[in-house]
Amino acid sequence: MPDDGEWSEEITEIVDRFQSCFDDMERLELLFEYAEKHPSTLPIDLWNDENMVHGCQSRAHVVCSLNGEGGFMAEGGADAQIVQGLMAITAIAVNGQPPEKVAEHDPSYIEGMGLSRILTPSRANGFMNMVRKVKQEASSLM
Amino acid sequence: MPDDGEWSEEITEIVDRFQSCFDDMERLELLFEYAEKHPSTLPIDLWNDENMVHGCQSRAHVVCSLNGEGGFMAEGGADAQIVQGLMAITAIAVNGQPPEKVAEHDPSYIEGMGLSRILTPSRANGFMNMVRKVKQEASSLM
Amino acid sequence: MSPTGPSARGATVTLDVEEIRSHFPILQRILPNGKPLVYFDNAATSQKPLVVIDAMSDFYKQYHANAHRANHTLADESTAALEGARDRISRFFGTSENQMIYTGSATEAMNLVAYGWARYNLEEGDVVVTTEMEHHANIVPWQELSKEKGIELRYVPIDVENFTLDYNAMEVAIQGASLVCVGHVSNVLGVRNEIERVIEMAHSVGARVALDSAQGAPHERIRFDELGADFCSIAAHKMAGPTGIGCLLVKSDALDEMGPFLTGGSIVKRVSKEDTLFQDGYAMFETGTPRMAEAIGWHAAVDWLEENIDFEEAHDYVHEISSWMAIQMRNIPGITVFGNPEKEEAIGVVSFLHDTIQAQDLGYLLDAGGFAVRTGHHCAQPLMEAMGVGSTNRASVWFYNTMEEAEAFVAHLANIVERFS
Amino acid sequence: MSPTGPSARGATVTLDVEEIRSHFPILQRILPNGKPLVYFDNAATSQKPLVVIDAMSDFYKQYHANAHRANHTLADESTAALEGARDRISRFFGTSENQMIYTGSATEAMNLVAYGWARYNLEEGDVVVTTEMEHHANIVPWQELSKEKGIELRYVPIDVENFTLDYNAMEVAIQGASLVCVGHVSNVLGVRNEIERVIEMAHSVGARVALDSAQGAPHERIRFDELGADFCSIAAHKMAGPTGIGCLLVKSDALDEMGPFLTGGSIVKRVSKEDTLFQDGYAMFETGTPRMAEAIGWHAAVDWLEENIDFEEAHDYVHEISSWMAIQMRNIPGITVFGNPEKEEAIGVVSFLHDTIQAQDLGYLLDAGGFAVRTGHHCAQPLMEAMGVGSTNRASVWFYNTMEEAEAFVAHLANIVERFS
């Protein structure tokens, strides 16, 4: 079970919205909605090999940095809306946090959202690799 | 079922002896006996490639000819006693017969003797290949 | 149960699909999301009837031993099963057991042509012809050979208007060729190539022909001897058989030109420290412990197909479903169908894309409805390139699918397009 | 049932063999001649516990689909099973999944070393060392490479007095060698070679080491990373797993030196008409539809072994039976036992001959008693030649055999000798 004591209010709210979905189709619809509300902010020239998320069938890229206050910032771009939507939610979960915390990030909200059946590690959606990349970048920004 | 109407008296007698055996061990013992009673009559320099029975794990050779009266004669040599014994019995079955009949030879006595379970075609004992060779040679001597 | 299949819809084919489906345990599967499985990924791999699964279990439970050189009962039974399978399967493909070599897969069968025949018979400057429509299994081995041996590799282009091979270009490409490698049926487009014509063309210039029948064999009875191809690669798992086995059919005069490839035990007459005397014929190519359970399972599959499936009837049945799907799908806004599944000789495959819903997303959305389709480049990137796409979604039909499934699929796809584009 | 195994005879090992046997359906088999099966052909192939058979059936009945590039549930489950198996099996062999390549067999694993490593890294005049004790799978690929590439092939002789490798001769042979190929355990003699010493010797002259562990893996836990060998070939079917699968373990720096061998789909990043960009690491070597059922069955076998078998205990148990058999058999008039099954580190194999009863005859006579043993040259003709015989009879023991079976075997053999010599 996800330890939802760990989740920010914003994430809890997202999880709640997903939990009210009737089936996977609705959940995916909601995910598409997040993708649309949070389109890629990554300039197209940063969709390069260095920033690529591997093991993803579609193209996905992520760039991480620290903001003025030392808070972690991940910006992603994916051509699949499902990945883009997950990126948006992950960004909501980690952005602004200290990199130390991001390096330990546990995307347990995925289970809370009822998406873990869809996003198994062996599906080539790259979500797990994206989280891994975000955590690695956070470590190197510590 | 073997059509024992086809068998010579000699073969019928052999079949009867085998049928009185208690188990495979006794049947094999009897077969060894035939091998001992009918050792290879093939001179060792005829144990050559041309006369070889293929598909046999042990060495086996057979040479066929016609006797003075035009009767078929097979002489065999094998280093395995089981094969030698079978050769002896096959020789009893075919020798002296017209080659036309040998070319059609059906070794159904094997089943009558209770050996068909042991001498399946897929066992590399070469018995079936020996019979095939004998029949081919008979054809060419017709 | 209500009658299913096009027959219930006033169509011509009368396959007892309910009965056939009852042989395949997996078709009863309810997915974790609560949806019943609708399996439209048959071109990737087919499902197995219970008799196939049980034949393999039975082997392991009753008579498993290492085949060949058998003096003990179990080994004898295993050998008989392995060789019985070879006999049965080769006859199913219209040839004799002397012209069939067991391999691990269709891919390995094509590699056997490359390593076991081409490596021994082609040299620098010799020409191998393949096509833009091929699966990577019929491209990469030739590229590698070309690198190693300096052979010239030519690609016959496709006619992108009609989604067929460009036979005029082929006529030109095969001039001076030693080997022509062509797919029997395209796994992306379902196009059934005019292999008889290709064989004739190739033989008229003295070239040998290697057919990739991985997609042909599940839909059409292969009559290898009649067909006259020199090599033909087949995968069991795409035709109701198990994973881990396939075969190469080889015309005997081509077999005579082959040399050893994978080496070790079983394929030898005699090994000394200095040299090895190899077996002749197919026996030169099957080294190591045989794929026994796999051969036994494939045998059961072939028996089952022979007993239950009339291939021509099945072709018409499958075609009726897939062509109906293609027609319906072309009416869904934004959907493009590649190829011509409507054509009489097309084979059960509908490749498609939506113009705004990305292929991977579409795959997930279809899965959410219980529909298993493939998404990707289908190991045919040169074809993707020729068509100007990176990937497609692909629904592929086999005889155990039903028109109800097709209807549900089209309805779900229309619903996705409505909600997600 | 009465207690079985040496424990009942006051010996030290306490394996619950009755319990273990109950997992193997085939061990209940009554042969057509009415005799219960006594399976002493384990070095040829081992039997399978029910969990292995069921794991494969379950795959086909519940979640069979083509693995990788999965967007649908079934394909996802298949992929997870295939990769889960890779993870589990590689850990069982003391290494990580990055250092394991699935192959069709142990033989194919050794061919992968020859084609995928040696062909890319050795050239004319380079030296490969093998031994007279090897299985053909560890000889013929090197002979073929030697013909193709002009490498020099050296054989380390055996010490025919002691039935061991001649390590002094090996010391000499490996001078200047690039690759040393040696069997872990002899399938004919049951000799466990001093592989640690061979690895040290070979590495000290900068040679890589390829271990043939087909016979080692069933009897000894392989700790690949600790062992330090560069390559290690293994067959699933000899260690409770299914037919049609094996693996090559490869040290990562050796893996980096490898190039493509069997080619086609799955192993590529991108294929264009001009060229192919291959995947890295093990993924470069597994082309075509994976051996999924086979991997799943092997996974189940490895789980079963881990749960039920302490390998050291099993070794002692097997050794107790086979050494007892050897000692008894040496007392039967006319029987010669080859090798030293009595030695502490020997592994469950008793090769023997009778001086007047020909080997094939003896095989049939043993079968008539229900005893499955192997007869032949065991794919080790150079070893046969060194020992001056053409073939042997071979009884090979695994942990599910019992001392009662051994006793019955010896009694039957004595009876045969009495009646037939």
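Order of writing sets the labels: A, B, C and D. Residues in every chain begin at 1.
Note that a contact is a pair of C-beta atoms (placed from the backbone, for glycine too) under 8 Å apart; a residue touches a chain by one contact, two chains touch by 3 or more.
Here the structure is a predicted model, which is why all the values come from computation and not from measurement.
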What shortest step count links subunit A and subunit B in the network of chain contacts? 2
In terms of CA centroid distance, which chain is the most far removed from subunit C? B
Just how far, in Å, is the C-alpha centre of subunit C from the one of subunit B? 46
Mean-CA-position distance for subunit D and subunit B (Å): 39
Residues touching two or more other chains, restricted to subunit B: which are they? 57, 125
Where subunit C touches two or more other chains simultaneously, the residues are 32-33, 69, 71, 360, 364, 367, 375-376
Of all possible chain pairs, which ones touch? A-C, A-D, B-C, B-D, C-D
Quick one: in the complex, what on subunit C touches subunit B? 68-71, 76, 79-80, 83
Which residues, counting only subunit A, touch subunit D once they are in their complex? 57, 120-124
Which part of subunit B faces subunit D closely enough to touch in the complex? 23-25, 28-29, 32, 57-58, 79-83, 117-118, 125
Which bits of subunit D are touching subunit B when the two form their complex? 32-34, 357-361, 364-365, 367-369, 375-376, 391, 419-420
List of subunit C residues in touch with subunit D within their complex: 25-26, 29, 31-33, 37, 39, 41, 44-45, 47-48, 50, 52-54, 56-57, 60-66, 69, 71-75, 104-108, 110-111, 132, 135-141, 143-144, 155, 235, 237, 242-245, 260, 262-268, 270-273, 275-276, 287-294, 360, 363-364, 366-367, 371-376, 379, 381-382, 385
